[in-house]
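What follows is a pair of complexes built around chain A, which joins chain B in one and chain C in the other.
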Partner chain A sequence: MNAMSSQLQPEMHAAVQPKTKKSLNRMKRSDWFWAYLMIAPTLIGLGVFYLWPIVQTIYLSFTKWGGFGKYKWAGLHNYELLLKDPYLWIALKNTLIYTVIAVPVGIAISIFIAVLLNQKIKGITIYRTLYFLPVVTMAAAVAMVWRWLYNADYGLINYLLSMIGIEGPRWISDPAIALYAVIIVAVWSSIGYNMVIFLAGLQGIPRSYYEAAEIDGAGPVRMFFKITLPLLTPSIFFVSITSLIGAFQVFDLIYLMLGSKMGNPATEQTQTMAYLFFTNGFESGNGGYAAAVAVVLLVMILIVTAIQMKLQKKWVHYD
Partner chain B sequence: MKKLVSIAMAALLVAVAGCSGGGQSSAPAGTTDSAASGEKVTLTYALWDKNQMPAMEEMAKKFNEKNPNVDIKIELTPNKQYWTKMEAAATGGTLPDIFWINGPRIIKYADNDMLLPITDQIKADGIDLNNYPKALVDLYTYDGQNYALPKDFDTIGLWYNKKLFDDAKVPYPDETWDWNKLKEVAKQLTDEKKGVWGIAAPPYGQDGFYNTIYQNGGYIISEDKKTSGYDKPETIEGLKFWTDLINEKASPTAAQLSETEATQLFESGKIAMMYNGSWMASAFHKNEYTKDKVDVTYLPKGKENTSVIHGLGNVISANTKHPKEAWEFVKFLGSKEAAEILAKSGAAIPAFNGTQDTWVQSMPNFQLKIFIDQAAMAKPYPISKDTAKWAKLETELMTKAWAGQMSVEDASKELAQKMNEMLSQE
Partner chain C sequence: MSVYTSRNKTTKKLLIHLLLIAGALVMIAPFVWMVLTSLKSLGESTQVPPVILPTKYQWENYTHIFEMLPFLDFYWNTVITTVAKVVGQVFLCSLAAYAFARIEFPGRNALFILFLTVLMVPGQVFLLPQFMIMKELGWLNTLTALIVPGLFSAFGTFLLRQFFMSLPKELEEAAKLDGCNHFQIYWRIMLPLAKPGLIALAIFVALWSWNDLMWPLIVNSTPDKMPLSAGLAYLTGEHTNLTNYPILMAGSVLAIWPMIIVFIFMQKHFVEGITLTGSK
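Our next item is the complex of A and B:
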């Protein structure tokens, strides 16, 4: 506190003088002080719960684990093992497939639905609630319900398919299909969250643009591509960054739907980076190796996010 | 607004006062060993089986009546998360005072000094270890020290659906059955049109291929815990018993069984027979469909007449603040009185010899005696220092073999090779 008041001392004198540059400066400084004070809890939390664990994880990725958190320095050993691990390549491939499909498809469908739900139709709030429901439902419940729907012998989906003469696939136990089955659920459950952000973005677009376009004789499709889409790009940018990071970390749906202890023939071929991290860290007690997996994942996310940030100048329009 | 702030402040004050008050009253109990002074002590007791909760609560109550200064707080964690949680607690030095342990974890916990050895206490209090099956006492002895008093045990039986046997006019399985007879009847009972299979052959160890490996003279891990038995022809043949059943379409495929668990299929009358443990008895007894339609008998014989036995033990955390009270409680849990409570509930077979009859009689519509008889000739559940590591690989490779992605020989030999590597590092 002493240091603080002595710092403020010169400005105190300045304040007595009539309005000058210096008094503005003083205002600014105390503003800053309060601003930092206000965000201090978040900053401290970020440091303690995010930054410090990141530092620790990087450190632990160079260690070999014994029982119960005992570890010793192992240099690059984990990374050498990682490069030789066939599961790493499976996990990388699956993580990329998952991301490349789930993110754009999820965004496209969300925009479509958001535009529809931005119209004046009856019972609009009911529709909005329905689309948002999966977001507030626990992943465990979502996964369980879809497990039943997907069940190849007794599930609803294959029953419906059989009525039109199609023999449905083994959705969650065929290694060639299971990943796509999970992607469908992931897209379905991401729509609600994205939709809300897009709705907010849509409502920020002034009506006068559309009125002007209508006078000029533009149809709804043209209006969508020439007005709505460009002005929605900030929202699209935000959603694509967050859902990309989310997609890279996909774990819960895969773990819960494909299970790890039930002897599912599809699990091995469907694992992702976060899944690899979990099984090594928590099931085999191989913390150092798991940390190395996490570091690889972190680097991947950093690179992709950096690319996105760079590219945004090319396509995101802030008005 | 002002009012709101003052209410919030008041609430905060109360909360802070509450915390410090609680801290004060529990602090002395936490720092002194207080059996003599008669102060209140609270012990935490962790377990994972919801079915056994009522029996455990009753035991805690009985114990509290005799030791009014000791309260038992039971913490239930579902089986799937139990060991993840315990591992974190052990790493952070916050293990519960007393907890359930199983074979696969005992050496790891004992070897890392997480558990309190109880050999001296057993001697001092004159506990007769002959009261428990020897296989279980041995399971929880490491480096010449006892770490747990056995709590219960489980063996495997052949559960069957009487209705499906009656419908097909086939006599029920009995002690005369061998592998061939099982295969023959399983095929006979399979009716693809009705969606009924003779048997379920999931890639499970304890309630599956461990039994047939032992019956065929094979083994999973050598007695000195240094080598794997998965490259032995007898072991591979024991595994093929199951994959043959799938290939001959007497069982649903591995994929089908991963989507709908064998137990679910059995409970809905889709499966005529399955290997399953004594632990299922109380669930089948409560289930509307299975309670009067199913029964259980001995496992069909292989070259040897044996099965797997496993059981749980109660252990004390090495850094409990109340080792004396914790031992008193563990002693009580291992007593005949506690075993009788467990037996009556039917949830598990108590380890205390002589009380098992009570368990057998707790569900008279099943021939539960077979589980006790099988215990006499059973072999212990295979474990090593870090069982979890190779057990995960076992599940992975066996799943591949069961699904036909790999031949049984290849999967088994690869498992042996990798398991040997892991065992040499333990």
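Our next item is the complex of A and C:
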């Protein structure tokens, strides 16, 4: 066998050798041809429907919308209006409150559940399915059932509260409470997704670390803070970036749970940036203004993501 | 000593189960309530104190919704849109992902950065111009508007690129010596091997498409062209004065069960996909 292959070797070399630079180039060219051809459909689609719209939105934010596709250059007019708009500040405040509460609380609860599920216990698949149900459910259905549960007069939640002597608030029509009522639902529906990422992160931590710590006499709390949490930081970093971007754009639940501004006094006080964008762009026809809101949102996300990227060196431990 | 620790372990396990069960109850209680309410009469649903179980199961709530609304249209629109987006996106993304992962060509990094840009930018930045494009093409209130922008995805390309990069190089070298071109390598060798990735992406796309709200709300305003998500939102909005909660809940149950079934059966692949996006 060996002798045969060594005999063959020179021949094969001879066969390959004639393929000089020219044919190599031809092979490369064919590679490139296929690469561009395979990327082209998605590239063109993304270009037309996503990349070009980014440019257009930025342009639109400097124009005045005349309806029916007519717009006039207006310089910084929209941004000036925006700064004077009391709703911008309400929307900014609400978006920030939402983010600052929903993201860390959601992450903390998901880590807690993931740690529990990472023990050797029976029924992990069943638990995972149950915790995941809200993630696969459409927002319209989620919002509808929660509205019913939150109903001040015949909702289940206030009834349960009344049984322990608490008079429940008007959850979704009290402007002071409504945002928090939405946050509860948002956290409830995000736990399952984050939990899966954390569970994957936890499973990457070698068991031997815990065994060694156990021999040293470390308790579960100490082990969590000294081993689990530091080694989970890459997952926490990923989840915090994606949930932050998601939180900045929160729309579905606010829109669906609170209803229109006409019907619910709380809606106006509970709107977020994405809601402000939607009502201006698609309900009252202030396209240029809505574009400016979108640009502000984009800048906010870029700044916060950049800060997170910078800070990660301080707290994220790889390997 | 060992008896002590093993008893200790059992207590610990019991405690964990108790905590997990308490959590799970909170997670599924709204769903149980949804199903129970969907079977109550209108009077029962607003009774104080609330009744837990309906005295007489009102199965007809589930047929009433089809009589009161174009609910069958909602269903059809959702199914068509979702199937088209899943097939289109998985095919187009896997083509592009193969090229990014497996072929070296000039401009690869620059193009990939363009794709990542789309991934980073919030949806609101695309929406107005996308709406204008749909309007100019005359696609408003058609299923085409729901489908076409959803065929292209930076996320899908990114996800599948991760998968293709993890496959061994020898396979394609052998195929190349046999004279296969890149499309043949992609179609015959790589695609079958990337099946777990393709399935994971397919489930993601199905879930997002099925549940997507803002885009359908923007482009389709006539009820018979709406998908379930927008249809349900429309029901609770000011356009209809439908305050019959049992029937609304029946609609919700009908709208969510297909994705729940998909998730239960495809859990493994779904978790794999999430894990892949969450790791670098």
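Keep in mind that, in the parts below, the second predicted complex is superposed on the first by the 267 of 319 C-alpha atoms of A that agree within 3 Å, B and C clash if a C-alpha of one lies under 4 Å from a C-alpha of the other, contacts with A are read in each partner's own complex, and residues count from 1 in each chain.
The definition used in the following text is that contacts are C-beta pairs under 8 Å (C-beta built on N, C-alpha and C of every residue); 3 or more make two chains touch, one makes a residue touch a chain.
Not measured: the values here are computed from a predicted model.
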Superposed partners chain B and chain C on chain A - clash or fit: clash
Chain B versus chain C as contact partner of A:Pro234, first or second or both or neither: second
Touching partner for A:Ala140 - first (chain B), second (chain C), both, neither: second
Touched partner set for A:Tyr159, first chain B, second chain C, both or neither: second
Touching partner for A:Glu283 - first (chain B), second (chain C), both, neither: first
Touching partner for A:Met262 - first (chain B), second (chain C), both, neither: both
First, second, both or neither for A:Ile39, with chain B first and chain C second: second
Greater chain A contact set [chain C / chain B]: C
Chain B collision site on chain C, chosen from 20-28, 56-64, 110-118 or 218-226, when both complexes are overlaid on chain A: 218-226
Set of chain A residues, in rising order, touched by both chain B and chain C: 69, 147, 153-154, 259, 262-263, 282
Chain A partner contacts - residues on chain B that touch it in the complex: 80, 84, 87, 90-92, 108, 111-112, 114, 195, 202-204, 254-261, 386, 388-389, 392, 395-396, 398-400, 402-403, 405
List of chain A residues in touch with chain C within their complex: 30-32, 34-39, 41-43, 45-46, 48-54, 56-57, 60, 69, 113, 116-117, 119, 121, 123, 125, 127-134, 136-149, 153-156, 159, 188, 191-193, 196-197, 200-201, 234-235, 238-239, 245, 248-249, 251-252, 255-256, 259-260, 262-263, 274, 277-278, 281-282, 287, 290-291, 293-295, 297-298, 301-302, 305
Footprint of chain A on chain C - complex, ascending: 13, 16-17, 19-20, 23-24, 26-28, 30-31, 33-34, 37, 45-50, 92-93, 95-96, 98-100, 103-106, 108, 111, 114-115, 117-118, 120-133, 135-136, 148-149, 151-154, 157, 181-183, 186, 207, 210-211, 213-214, 217-218, 228-230, 232-233, 236-238, 245, 248-249, 252-253, 255-256, 259-260, 262-264, 267, 271, 274-275, 278-280
Residues of chain A that touch chain B when the two form their complex: 66-70, 147, 150-154, 170, 172-175, 259, 261-268, 279, 282-286
